[in-house]
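In this document, chain identifiers A, B, C and D correspond to the written order of the chains, with residue numbering beginning at 1 in each.
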């Protein structure tokens, strides 16, 4: 039996996030009861990720980042949520999940990409002295050679500037965060625009990638920021769907077109 | 063609949450760019639900409600998230979704139940003059007759009081919200404790149900509060899982026990 | 330590479905290796549910039931799957899940409803002697009084008969299953059609509800039949999406309409 | 308005899988009504993927492949499903989805890996004349140099042979499929076992990867085989969970261990 002994410490499945006694709850060592009424949801999310509450400047920038990710309109994830709600209105959790499942490489991947690009750049020792222009040129050339899309620049609607990106970067600089990754993204944007003769502004995912780097948020967890923020937005879409249904209309049209295509008499 | 004409207004699948032009984004009519850096994540979630930003007292109470729902330890939903992350570490969105899918009738249902109970009570015209004690007695009797569990009271660990519930209710009262639903839940808790000779404090879901009533949050959307809050907590669990794995241990033990059961030689 | 002792039998989390040794695998006691090449997927699904392989007549009818549930065209669940695949092409499991999440009360619920209706009828001792017409009349009146929709009858396209339902019921009768629940659904269909002066044929969910009753499949698990079957169909939709994309088109149109609505200059 | 005209053919979101009229349903051009009662679930799944029904030998091998993937015991995905069912018993679709979401790179990825390995090998023109031993040596060396795990070989329990793999490969050969990829996997297994002095049999994912290659199933869709098969198995786990609950036990223990860890008085 000994090899099955489950009392070994290394066999214990333990989470250290919360500590609960009959009259107290602590989250990462901080008294939850004292936080209630004093800590906002964004700061609490920061605590979940960093195991400490944010300083004021961190609170301002972190809340701004996640707020910018909450609501992106009738995107594929919102359509998936609404379709799911149409079929299973008893399960709000299912409808939100269906929408979150689309936050993959296509959309959120660009945020990871720009965060990773910035973090690899910083890991090589970049600082105030670094020649940002040369680095940007090198990065653009590298992506071109690999035939990969440069993450974090360009937007179909927001031209010539993405106002969300500009505001987020301005806030981060204003709050005193290291602007090296931001300057890198901007240099990439400007050089790529000239080189490819296109309008390629730093977009919101590029800005978040850069700022996440300044805030020491690992690029591997940036997708998590998108997921937590969008869960809020998708609840908003469900609420709107209960009042102004869209799913039935989208479905009707898709089905009608399939039948048009089938039936030559139409 | 006419019956297939997709330009009819009533055929349009429209969301009115966000409005986007090349240089602006508005969410429920409010300038997103102006909000960035000034509005915290909880207030923005309020905007998604109520189509307006909260007053200060609403901000304090709403943030407290959702913060209280973020982190509940190594619950079934956190275990599901960690199991899923073990199998699909490339898909944080999948791991969070797997956890959210467990926020159903068993756990979040009690929050809906207490909110509904309070809202049906208020809908009957309850106010300062109402005999809360008589109402509580009536409700308890009704649930007993239907052999249904009274939602929002009792907790396996938090005895004789649930400190989260007490704090949330205190904040709501302090911020001047109508305390009628809170007094109802407390009266139910006290009478039920006496009647069944058990310690049945108002728990966190009971407190949230009562406060949601005072804040005019429809009981049907309270599950959405749980979903948006827990998405944040589950990202925290994934982050911890990357550092202190538990899923493999839980799985090893479950599998080992299956085999013990199979193999009589053990 | 004693109350924490995990070696208690009643603490073991055991699944008895599969038994594995180094050179064998048994599923519900049957040798998997011997089944490979001899048992089809539908029969294996039957084994998962019934803990035994089907007789031939059961195999024929069960395979027909689940086959009928696999593919229902560009339904909301298929649209959700395709939207999710657009966003997260790296996660086929996520795209299938997003589609499955819509198999809730709206669509699959009617199958549960008709199965339940038939099973409650049979539980009251219905048999060859029972006056089916009187029972049908009673059931219709009951649903009308409760203002509930009668499950399992009526279809927007398949009129005056649903060919899938007719074929499934014919197969079940041909294979010698008790036709009492089938006759009940047909009587309900005929009487309701006359009473409401509408064409209300037994539809595919009504037929499956009746046949599931004859096969002793608990109505509570019928939703599972829909889920397992549709998972197959949704993989088919993903494959088609990789070749003939639809999600981008559906999204483009939805987004364009939102903007049309916004911008009066268009 | 013209650029918003939705009547353009290239704007239509069309699925060609099913064609429905009031009295007929065709799936990939084949009459569904005629298939009911004659086509088993595995053959219908083949139709969804290949747009045609299988020949007999294809039916035998394809059914065997997917049957082998249905049930893998109390794996992480089954635990996630059971945890989710505990929280949301009203949503079988949610519980199955939670389990499917774990079918990612860790587990199903090895099937993709071996299928891809075999398909890249075949794409280089491999045939009966090819020196399989040299190819295997080359592949092993390549994976070693890249410090990547060779997919499709090795198993913690099934030693010295994986009986499922052996049976699947025997069936495929017996049914006359090209055995080149199978011989490749076996050569890799033998050489790797010698080279690393370990028992590294072709495992079930390696066998499926090889056979999928012989059947012209693109490696990119092999994950879909796992997803459709496991959906069936997870419904079986939910059914067992309703009769022999495990989720509560697994949760109790995990939570107890967290508290042990917290409370030094234990």
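In the analysis below, a residue touches a chain if its C-beta (ideal position, glycine included) is under 8 Å from a C-beta of that chain, and two chains touch if they have at least 3 such contacts.
Note that the coordinates shown come from a computational prediction; the quantities given were computed from them, not determined experimentally.
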Task = Check every other chain and keep only those touching both subunit A and subunit B; list them.
result = C, D
Request  = Tell me which chain's centre, taken as the mean of its C-alpha atoms, is farthest from subunit C.
outcome  = A
Remark   = Of A-C and A-D, the pair with more C-beta contacts is A-C
Subunit C and subunit D, separation of their C-alpha mean positions in angstrom = 22
Chain centre separation (subunit A, subunit C; CA means) in Å = 36
Query = Taking each chain's centre as its mean C-alpha position, how far apart are subunit A and subunit D in Å?
reply = 30
Note = subunit C residues touching 2+ other chains are 1, 6, 12-16, 20-21, 73-74, 88, 90-91, 93-94, 97-98, 101-104, 246-247, 250, 253-254, 258, 260
Query = Which residues of subunit D touch subunit B in their complex?
reply = 6-7, 73-77, 79-80, 83-84, 86-91, 94-95, 97-99, 101-107, 246-247, 250-251, 253-255, 258
Ask   = subunit C touches which residues of subunit D in the complex?
value = 1, 4, 6, 11-18, 20-25, 27, 32-33, 35-37, 39-45, 48-49, 59-61, 63-64, 66-68, 70-74, 78, 91-94, 96-98, 100-104, 108, 157-159, 161, 163-164, 167-168, 171, 220-221, 223-225, 227-229, 231-233, 235-240, 242, 244, 246-247, 249-250, 252-253, 256, 260, 266
Remark   = Touching subunit A in the complex, subunit D uses residues 12-16, 19-21, 88, 90-91, 93-94, 97, 101, 253-254, 257-263
